[in-house]
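There's a structure below that I have some questions on.
Letters A, B, C and D name the chains as they come in the text, with residue numbers starting at 1 for each one.
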Amino acid sequence: MHTKKQILDLQVIKHTSLNDHHAVLTCTSEKKLPTLLAGQFAEISAGDTAGTFLRRPFSIHDYNKDENTVSFLIQIKGNGSAIIGSLQPGEYMNVILPLGNSFSMPAQGEKVLLTGGGCGVAPLLLLAKSVIAAGASCDILIGARDEDNLMETEELSELGTLFTTTEDGSEGIQGFVTDHPVMQELKENYSKVYSCGPDPMMKAVATIAEASGVDCEVSLENTMACGIGACLCCVTETTEGHKCVCTDGPVFNSKELKWHN
Amino acid sequence: MAQLNVNIDKLKLANPVLTASGTFGYGFEFDDFIDVNDLGGIVVKATTEEHREGNKYPRMAETPHGMLNAVGLQNKGIKYFRDEIYPKLRKYSTNVIANVSGSTVESYVAVAREMNQLDHIPAIELNISCPNVKEGGMAFGTSCASAQEVTKAVREVYDKTLIVKLSPNVTNIADIALAVEESGADAVSLINTLLSMAIDIRTQRPVLSTITGGLSGPAVKPVALRMVWQVAQAVKIPVIGMGGITNAEDAIEFLLAGATAIEVGTANFIDPQVTVKIINGINEYLEHTGCQSVNEIIGALKTK
Amino acid sequence: MAQLNVNIDKLKLANPVLTASGTFGYGFEFDDFIDVNDLGGIVVKATTEEHREGNKYPRMAETPHGMLNAVGLQNKGIKYFRDEIYPKLRKYSTNVIANVSGSTVESYVAVAREMNQLDHIPAIELNISCPNVKEGGMAFGTSCASAQEVTKAVREVYDKTLIVKLSPNVTNIADIALAVEESGADAVSLINTLLSMAIDIRTQRPVLSTITGGLSGPAVKPVALRMVWQVAQAVKIPVIGMGGITNAEDAIEFLLAGATAIEVGTANFIDPQVTVKIINGINEYLEHTGCQSVNEIIGALKTK
Amino acid sequence: MHTKKQILDLQVIKHTSLNDHHAVLTCTSEKKLPTLLAGQFAEISAGDTAGTFLRRPFSIHDYNKDENTVSFLIQIKGNGSAIIGSLQPGEYMNVILPLGNSFSMPAQGEKVLLTGGGCGVAPLLLLAKSVIAAGASCDILIGARDEDNLMETEELSELGTLFTTTEDGSEGIQGFVTDHPVMQELKENYSKVYSCGPDPMMKAVATIAEASGVDCEVSLENTMACGIGACLCCVTETTEGHKCVCTDGPVFNSKELKWHN
């Protein structure tokens, strides 16, 4: 089923600052939002200012059909994310959505593990909600540099058991997500692992999952010019050659990928 | 409504707005946003003789009002195009133009010969100007002799409208344009991307996997406009202008400079509906300035 | 504080930051904003043999992240420079480099010969790349033969550091660089402006009085960086890089690509203190990356 | 006497909208403003947005030494002036000032005529104040398309007798400023004429002034990249060859100019 992509002016209705370089923007639209799936993303315009004339891709963080709202978790990295991430209630952003494929849903009754690193938690909120809506359940494992960068913990802990790791040990287990005990018994507890975060983290998670014989879906990032499959700038190496992260992804089964080093 | 139709050789365009190869996929990618048939035509992504995986990533970098790309002609080759893509392209009633690329004269000829058989492809754009392939590509477009050689060879096997796409990475683009005109081109299109580079000072590495790539977008517009003007002065065949066109004003600058039609590239990434807005904007300009037809402004630049 | 000093032939620069000719006047224009002696040196505006009124106005147009100019080497000629301006330039303790322009080999030689007599001018930058003069100028920089001819002739009468400034409006800039290296240049600087054009669609006229002009500013940076990298790979003499440098990050990109020093042009118009900020930014980068000297990053680009 | 040019962040303290495309911005500075003279201008940054990476020149409209304020009258033409002209109280603009020469002052007791067209009234307010401060007096003649575009009439009428013309006759004499009766008796009434406005208007005023044997000073515009004499982009033809409007001007004695057609 193809959902028609739309260009919309979204109005920010809530700006929640998570820490000094992350914010969640909740937005609404005059027009009805198209159905948005976990793992999909939007191409957001930062306006035509210095060095940001191309759009920037951001995952769908949350989507509420009844309230007609969508939210994004924005990490402030450069100019573009700074402009988008500082939009205030009442202000508008121009977006194209929905873009990309989505995470595949577990069967009813299955239990899955969601793993996220840093702002890789962005797509996990809607993913957890969707897993539950599909009649499955999940545990959630997120890691970050420190306590301050563990984000959306309250929201996530309502959707499944939340495990955390921090590199400095300020919260949860000290180390990377792969150092967490739940990663040692994947096969025993989960039918599938989902992962979103920095490449090395996803790679490490996928390696363990593959070794344990558990399916692993990862959500990739790449530099994108169009987000709609027109420019071929966002390819990743797969077992079937170059594929576009924006249309063939951003979600891939880890076995499809030839991870770069 | 002013008359927007223009002719490029035997090719009849309902309006002078085309899309630039490599920036508009095969058109399908834009079906959600516009009615592709509203355009004068579309130039689809490059086709080569063989399947090409293209370059490694990263393939893209943003620069001040420009973007670098290093796609490297990724495509599945002419056979796949003919058997799998072409049938789907038949749904469009507007002109579907193929962009033909290669690394040897023979490979250009092989693709052109196949394209000649495809009823629904009324024209090809011969890409002798891609800066993102190691062998051939741009090299053909940077000397008169090689531009001539490949144009002549393709002309022999291709009966329909032959557009040759020129490289801006040359000392005198008008000379190359004259050379391909002499060799049988029915039109020229320009500019392809400017060979460029970006460096990530944190990693101390080039941003692109290929070190250098091609610059496009608003940043190149002043260079493109100059070249279109120079070429339009030099040749008798129609000129198709492109490079940084982002709105109707930009498009009109190219028409005034002598372009019979224009192609829109990078701007499609920012606004997938931009082409239709440009068509409307050209119409408004013509009505505003009291012109009956777009032909009245083509090459109408006053330099005295 | 890291060591910022670099050498261009016999020329010792306290840091690699120079100003680009035609964008910094004679330095005096910036005395209110910075201590000009903090810079590695300044390249003052072009000097020709005779007084030149330059082109008619309009001489300037803004484009996306770029500007077009068509100044046309306005200056009062070498005699006026020697008698009226040079004495005032003596107040600067930093390197004052003259930009020498002309329309015939003889006129370049005439200016270079006079400059050779001026103690306080340790180097000249031979401008064989100005796109804004009808005769000569850029033409010298667009063929190896003519670039060689003028460089050789000037080399014969000029004993101090001879920098030749290259035109980007060529197919292969490395070839031209090699040609001038062979002809006795001590260094090359690049890029001059890209030949460009802008049109006012309301009047249907070119914005510039000269129809075409030279593009500079951030828009050209990716092209400039690619050319500096290509030339640095090709020649043994030092390369001075410029084109769109607006901040320390940009400057560092050029140094990594192989430039021994850089020139800042258009950015001076936006922020007259930008050069000093760039020097500080380079120092911070070196300290941050643990380098003792700027020489450690020159040409340090990792491409493997 | 050379006043050192400064780069300053000015804070807007008042935004007065004059009509739908003109506003007066009154600004202050933490640092003491340098002395600003009538006819001088500032190069104002519009930020690094689409097509406005160069600064824009605007005349000093008013200057109050005691209150340390400067104001600008901004006509909204393109992107740059739109951005600057919509700055609100509390917002900042980065400026370089003072730039250019200034109008020459009449001797004590003299009476002069100030003529302005459209937003050419911008430098006339401070000029009128300066003329009075110099012990001279002035009449002021301003013209515009229509009533709505006659600007700062209240302020100006406090500084001298105000005459007006409009092209549509909606206020004052119908026609151009040169159609106003005061232009017929220049020699009789005034020791000097000052003019700022569109080129054709200044040219017409200067022609009448020269024919009447009255000195005329005009304030020119030109496309500027630097505003400080460094780029030579802003030249105008004078009897002594090309001169820079930004440093040799913007004020010229009309006799120096070879007006372009």
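Keep in mind that, in the parts below, contacts are C-beta pairs under 8 Å (C-beta built on N, C-alpha and C of every residue); 3 or more make two chains touch, one makes a residue touch a chain.
None of these values were measured; they are calculated from a predicted model.
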item: Whole-Å gap separating chain A and chain C, where each centre is the average of the chain's CA atoms; value: 47
item: Chain A and chain B, separation of their C-alpha mean positions in angstrom; value: 36
item: Chain B-chain C separation of Cα centroids, rounded to whole Å; value: 34
item: Set of chain B residues in contact with two or more other chains; value: 63-65, 217-218
item: Multi-partner residues of chain A (at least 2 other chains); value: 50, 53
item: Chain contact topology (line, ring, star, complete or other); value: ring
item: Touching pairs among all chains present in the structure; value: A-B, A-D, B-C, C-D
item: For the chain C and chain B complex, residues of the former touching the latter; value: 63-66, 68, 142-143, 169-172, 194-199, 201, 203-206, 211-212, 215, 217-223, 225-226, 229, 244, 249, 252-253, 256-257, 285, 297, 300-303
item: For the chain A and chain D complex, residues of the former touching the latter; value: 47-50, 53
item: Chain C-touching residues of chain D, taken from the complex the two chains share; value: 4-7, 45, 50-55, 96, 222-237, 241-242, 260
item: Contact footprint of chain D on chain C as seen in their complex; value: 22-25, 29-30, 32-33, 45, 53-54, 56-65, 67, 69, 71, 74, 217-218, 266, 268-273
